[in-house]
Each structure stands twice: as C-alpha cells, then as structure tokens.
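Labels for the chains are A, B and C, by order of writing; each one numbers its residues from 1.
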Amino acid sequence: MSASTDDASVFPPRGRGALPQLQLGALFDLARAGIGAVARRVGRAACGLILPAFVLAVWWSAAARRWVPEQLLPAPASVWQSLRELWAAGDLQSHLGFSASRVAWSLAIGGSVGLLLGFGMGLSRTLRAYLYPSFNVAAQFPVLGWVPLLIIFAGIDEGLKISAISIAVVVPVTINTLKGIANIPPHLLEVSRVYRFSLAQVLWRVVLPAAAPSLFTGLRQAVMQAWLALVFVELLASSEGIGYLIVWGRQLSQPDLVVAGMVVIGAVGVLLDLALRWLESRVQRWRRAAF
Amino acid sequence: MQRRTLAMAFSALALLGLTSVPASAEDKPTVIRISFPGAGTGGRPLSGGSFPSNAHLFKEIDDEFKADGIRIEWKFFPGAGPALNESYANGLTDVAFGHGDLPLIVGRATGLKHRIVLSSSRFGSSYFVVPAGSTAKSIADLKGKRLATFKGTAGQLTLYRWLDKYGFSDKDFRVISLDNDSTKAALATNDIDGTNITPFDLQARGIARSILEIRDDPKITRPGTVWVGEEFEAKYPQIVQRIVTRLVKVAYWSTQEANREKELQAWATSGSQAYIDYKKDWESVSDLRTRINPLLDDYYVASLKNSIEETKKYKLIRKDVSIDGWIEPKYLNQALKELKLEDYWPQYDAEGKLKVDGRKLAARN
Amino acid sequence: MNETPTRAPLRPAAATRRIDPRAFALPLALLALWWLLTAGGWVDTRLIVPPGNVLRVAARTLGDPVFWQGVLFSVARDAGGFAAGALGGVALGSALGASRLAERLIGPSFHTLRQISLFAWLPLLSSWLGYGELSKLVFIALSTLYPVALGTFEGVRGVTLEHLDVARVYRFSRSQLLFRLILPAAAPQIATGLTLGLVYAWVATIGSEFLLANWGNGLGNIIIKGRAAFNVELIIVGMLAIGAIGTSLNRIAARVEARALRWQRPPT
C-alpha cells in the first residue's frame, strides 16, 4: 500500500501542528552543529596552548628545583612580578616608547626612501640601469655589517639607531616594491595608456592597487627587520629602550628583567604583525570592492 | 632479642667505623680556575693595576702549584664583574682576583656563596674626563648630557658617588653602559660627554681631557676583593691557604720601590691602560703600601658595608645583603704570621684614616 | 600566508651577459666624491679615512694570516650553526606540515616565538652558555631554524593528495614516503627557506661576534680590535670582507639551489 502525498498520516501537512516538531529537530541539529564548531575552535586554541603550558611547567619546576642556577634562570613568578612593577612604575611604557619611536622614525625614513627607490627603479628603465646593480650589491650586505662604520660616523646615540634601522627597512621595502611593480599585469598599463592617464592617475589608480599586496609584504618584512635591528643596536649601546632594559637586567644579575624584556619584545612583535595583517585585509577588501 | 641487640651493636659499630674514617690527605684539585673580572683591550687575557694581576703576570701562582701537578686555568672576562658572577653561577670559577664592590654585592644578593679572603687594592685616584673638544669645566655643565659607565661594575658606583659628591643624581644625566674600549672610542668621536677613566694617554693623543680629579679619597673609591667559592674553600682549605700566602708574598714584592717600574710595565701589557696612565697615576704614591694593601681591616669592612648601603639606595639589589660569615680573615692572618709581615702594612680605620702605621721601611736606595 | 620573505635576486631577470656600463656610474661617482672629500681635507680624516689608506690597509690585511684565520673561524661557525639549524628546521617543518596534530600543538608556539626578535635571545643564551663558541653556534642555529622550518612547512603542505595516492599505489614505506616523495615535492620551498636561512645565519654569525666579543677568533673580533685601536681603515676592510663573504655565500647557495632543482620540470 503506497501512500499518496496527500495522505495526512504519512506526510503531515505543513500546518501548525507539525511545525514544533520539525522546528525542534532543526534547532537541535543547528545547536549541535554550533556547539561542535565552537568546540572545535576552542579545541584548536586549547591544543595550541598545551605546549606553552608544558614549557611553563618545566620552566617553573626548573626554577623551583634549581636545575639551572637561580642567577641565570628566573622563576616565572618573578618575571611576572617584574613586568607588573615595570608597568606600575611607568618604566615599561617609557622604554617601549623610546624603542617604538625609533622604529617609527626609521620606518618613515627608510620606508619613504625604499618606496622612492622601488618606484623609481620599477617605472624608469634608466634609473634601474644606474641604481639597481649598486643597490643589489648593497642589499646583500647584512645590516649589522654597517653598524661599526655607522658608530664611527653617527655615534652611539639616536643617530646610530635610526640610521641602522632605516637601512634595515630600505632593503625589503625596495625589493618588494620593485616586485610589485614588475608583477603588474601589462594589460592594466595598456588600458591606462588607452585612457591616457596622467602619471599621477597611473600611479594612484593602477600601480598602487596592483602593487599593494607586494607593498604590504614589504611593509611586514620591513617591520620585522626593523625590530631585529632595533634590538641589536639597543643591546650594543643604549641608555633607554627595551634592549637597554635587557642589558640592565644582565649587568645587574636580574635575569627576570632579561626575560621580561624578551616577553615584551615578543608581545609587541605579535601585536604589530596582527595589526599589519588586519590592515592588509582591510585594504584588500577595499581593493576587491573597487574592481 | 639477642639477635636484635647484636644487629644494633653491629650497625652502631659500622656507623662509627664509617664516620671515623681517618681524614686522608686532602684531595687536591686537578685544576684551579682563577678569574679576573675584566680583560685587556680587545678582550685580551691580561690585567693590570693590582698585586693579584702581578700574581698572574709573573706566574707566581702557577709556580706555587707546579710541583703538585695542579694546573691553573686563568679566565678573563670582557664582561667584567657581572660576567664573572655568571661564570661562578655556572660553576666555572673557583677563585676571583680583584672583584669590584658592586658585582660582588650583587652576586651575593642573588645567592652566590663565596668567602672573602683578601682585599686586592685600595684608594687610588679617580678622574672625570670629557672629550677634548668639550667646553665643560664642571659636572654641572654636563647636566642632562650623556655619561658613560660600565653598568654592573664598581665603576658604576664610583660614578654615582662622583655625582652625589657634587649634588647630582644619575637621573640628571643619560647614563650609557659602555665597556672600556667603547668608552675610549666614544670619547674620540664625541659620543659621550663625560666619564670616569684614567686620562693621561687620552690627553697625550688629544682625544680627551680631565676636568676633575679626586686623589686617594677613601669615600670615592672602594677596595677590590679576592674571594674563593664556598665549596672550594670547604673542600680544599689548605690550597686556599697556599693561594693566600703566595698572594701576600706577591703583595709584599709589589710594595718594594725597586719593583715599581717592573710592575708598571707589566701592567701596561694588558692594553686597557697605557704605561703613561699607570706611571702618572701612581706618581703621587710615595709609599706603594697605601694602594697595594691586602688587609681586611676596619676600613675594608666599613667600605663593604657602605657599598651595600649604596646599592640598596640606588636600588641596584632587591634583597638585603648581610656581611655575616662572608669575610674569612683566618687565611690572611696565617699568611701574615708565616711571612712575619703582621706589622708591615698600614691599617686604616672605618673612616679611611690611618690607624696603625706600617713598619718603617729601610731608607730608599 | 606566504611568510617566506624575499631576498634580492642576484641578477636582473633578463639574462643579459653584457654588463650595462651605466651600472658603474653610481659607485664610481661615490668613490670619486669620497676621494675628493678626503683629499681636500674637508672632513675629519681620522673618521672619514682616505680611500688610499683603506686600500693600503686592505692589501696588508689580505696578506696577514691572522686575518684569514679569522675569516675561517667565522665561516666555520656559520657553517656549523647553519648545518645544525637547517637539519632541525627541515625536521621541524616536515613535522609541522605533515601532521595536523603537530601543527596544532606546536604551530601556535612556533609562530609566536618567531616574533621574538632573534637578538633578544642572545643575552639569555650567553648567560647560560657563556661567551664562547657554544652560545654563538646555538644562536646561529636558532636563526637558521626559523626560515628553514617555515619553508619546509609550506613545501610539505603543498604536497597534494595525488602525490600521496601515488605513494600508496607504490606502497612506499614511511621513510620512502618522506625521502622520495615529500621532500622532493617540497624541494623548491625548502630551497628558498635554506637560502634565506643562510642569509640569517651569516647575520647571526656577525651579530653574535659583535655582541659576544671575547678573545676568540673571527671576523667580528678583527673589527672590534680595529675599533679598540681607532683603526678606521681596518673597520672598513672588515666590513667589506663581511659583505664579500655574505655575497659569495648567497651566490653559492643560489647556484646550488638552481642545480638541485634542475631535475624539476618547469611548470607546464
């Protein structure tokens, strides 16, 4: 006996009576799926926390049981306390401020120079012929190699730090700008020629958007290199800054300051990276919307 | 019952037997690791300026233990006092020749355990130096400018004492941490505006000039220290005694006027101070015993206590440090008795004033 | 999330063997300016030394066996640290790429620790391991580890299911799977990571020699001695040596990379 579709007992009508049952079932499935998704997210995050928790435990017992002498390995608790004290005294903020301002200045200076160089060499074949080979050779040179010479010329004060970090910034910015321009699909440029764009229009409406991803990569790398160079020069000779904090901790046998400094550097690095990624995704979205 | 008492008697006897093992001839170490909190220019393994340096330069300690087949491992630290602390914390050092007050105290505050057996040098002149082109005439002129000192070393406290003497604090300046070589380079390129350093060689080369000088002021300088690790001392007291006795012998030799030239020249080989620096700096010292003095007298103890107060005042240590059980004068006293030098050296009181004059020396030839 | 940063390509894409003479214009102009400034006495010649002096000191240094000994030590350190770091990096990257579990466990920590600027590790390392060879080698290995691991990670991730199917058909064992399929498939990215690691390793070598100066041997030490003696010429010569070695290392790496990847057919 087959049921026909208008047999009410088999196929309950989509009337008021049947809705609660269906709805409940659907809701239940939805809830289950939702919880599953959240659980998976939490689970993934929790998974990532297992290793740090383990390391923290090992660190804590190593310090408590003196596996490494206490003058060399600070207890996690004392690192935390030092961080809190530094924050409360305002020292942390002021040191961070010094370091951050150095990086900011260098990004501005090095970034501008890098963009100029990159755009110049990318758009003009003559400029590229003159500048690129020298730039290439200089770029192979590790930034640190410049430091002894910079110390002689720029001293050990802000001049040294900003010039050293700027050099560290120029290289990735230039290279990535060049790359970005080289990768512009030629038909875009043809279109702009058809429309007879002025130079400014070409730059603003074609080159920049097309090169944006590479520019962002360059920016990200520049920030990383800047931070790397900053720590190096601050460790070398400084009277304020996060690197100075680490040197101070080292010289006065306060390894908790050393580790606190490392933690702060890592934290700032993470934050910067996240901020840049967010910025990049924002710009990408705008870009896609424009096209 | 009987068995148990027998067993107990047996174990008691056995225990007695174990604990009353005759103290065999004290084991000797195969190597003694002696560290200097510093190094010559460019990090070279030489030092100068004190009688422990002489002990190394003239191979006195090596000689002392050659017959026993004990090797001496000499360690030099461009990282100065703090690096020596790290080395000791890692168990890589047994004896320190000439540790400055600040790293010494910081080490103890962080839990390092050692025993002070001698003082290595005292008094001495301190200079305030500015780059050659600077127009500054006093510390007040340098307010807000950059001063250099090697943070964590005795030099840091010396600088603070200078600033204190003239009514300033370290917050009135920008104090940069630089080692000796970097300081000289920084003076030459005008990258710092003032520091404490011996100026004569730099003056001769037109790099810097001294604007202020404080001579042999017990309030500005502090004695250096020779210490041995606590474990090392507990294990090898006789070795420690031999080291101390030999050092006192070297100290005696170093105070002989006839040897002044020789030691000045030897000290200059380290390069951290030029010969002319040593010569001029020691010119004002008519009796070498004022500066070359191993005694752990009232002045030494009072200085140490003052330094501890200072480190607390400048918040350079976070735990208090007590002197109890730290200074161990028995080796020094034994050495002085053996060498019949009990009255040789002048003793100073807590204020740094002469308390007991040293033995009258034979007329200078 | 392609994080393997780029490095400067070694020559312009167009394989023009003919060297454009315009390339020399800038360096020659700078050299001339330098010579002019010092010859005219317009700058402090203690600081900005005349190029002639530099050449003289360079000639003398190149003939000095101590210099070559220093170079040898630095390069040996670089090589040792690089080897250790590269091996570790490949291992870590493969583990992260091949195993989801490993990536979940170790990945976040790995990416976070990467943000701690390398030199920030140095004070801690040196207080544990001293100022000698060990801490420098460990530091160099650490510097190499990250880029290599990252490159390997991306390469292994790129291994597609089809590859694995082939492996299953041929019944590869675990080690065969790793060495004959996964690593070769990931080879381009691993090579990029290795090349970058080489650059970082040299930076780390020089940096650690500056910051962990001891009475040892190495190019960094030579420069430090130059500074201690106010010998600016020696500093410049040392710098040029650092640059030259860095460049040659990059060239060698690029050539090895090209040779090793030659068997890879060009993408169709």
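Just so it is clear, a residue touches a chain if its C-beta (ideal position, glycine included) is under 8 Å from a C-beta of that chain, and two chains touch if they have at least 3 such contacts.
Everything numeric here is computed off the predicted structure, so don't read it as measured data.
Counting C-beta pairs in contact, the pair that comes out ahead of the other among B-C and A-C is A-C. Centrality by Cα centroid goes to chain C. Distance between chain centres (mean CA atoms), subunit A to subunit B: 48 Å. The centroid of the Cα atoms in subunit B and the matching centroid in subunit C are 42 Å apart.
The geometric centre of subunit A is 22 Å away from that of subunit C, both derived from CA atoms.
Residue positions of subunit B touching 2 or more other chains: 86, 90, 182, 185, 189. Subunit C has residues 47, 127-128, 227 in contact with two or more other chains. Chain contacts: subunit A has residues 72, 151-152, 247, 250 touching two or more partner chains. If you check the complex, the residues on subunit A that touch subunit B are 69-72, 151-152, 155-157, 237-240, 244, 247-248, 250-254. On subunit C, the positions that touch subunit B within their shared complex are 46-47, 127-128, 130-131, 213-215, 221, 224-225, 227-230. By the touch criterion given at the top, residues 39, 41-45, 76-79, 83, 86-87, 90, 92, 181-182, 184-185, 188-189, 271 of subunit B touch subunit C in their complex. Here subunit A touches subunit C in the complex through residues 44, 47-52, 55, 68, 72-73, 126, 129-137, 139-149, 151-153, 171-172, 175-176, 179, 182, 217, 221, 224, 227-228, 230-232, 235-236, 243, 246-247, 249-250, 255, 258-259, 261-262, 265-266, 269-270, 273, going by the rule given at the top.
Listing the residues of subunit C that touch subunit A in their complex gives 5-13, 20, 22-27, 47-48, 101, 104-109, 112-113, 115-124, 127-128, 199, 202-203, 206-207, 210-211, 223, 226-227, 232, 235-236, 238-239, 242-243, 246-247, 250.
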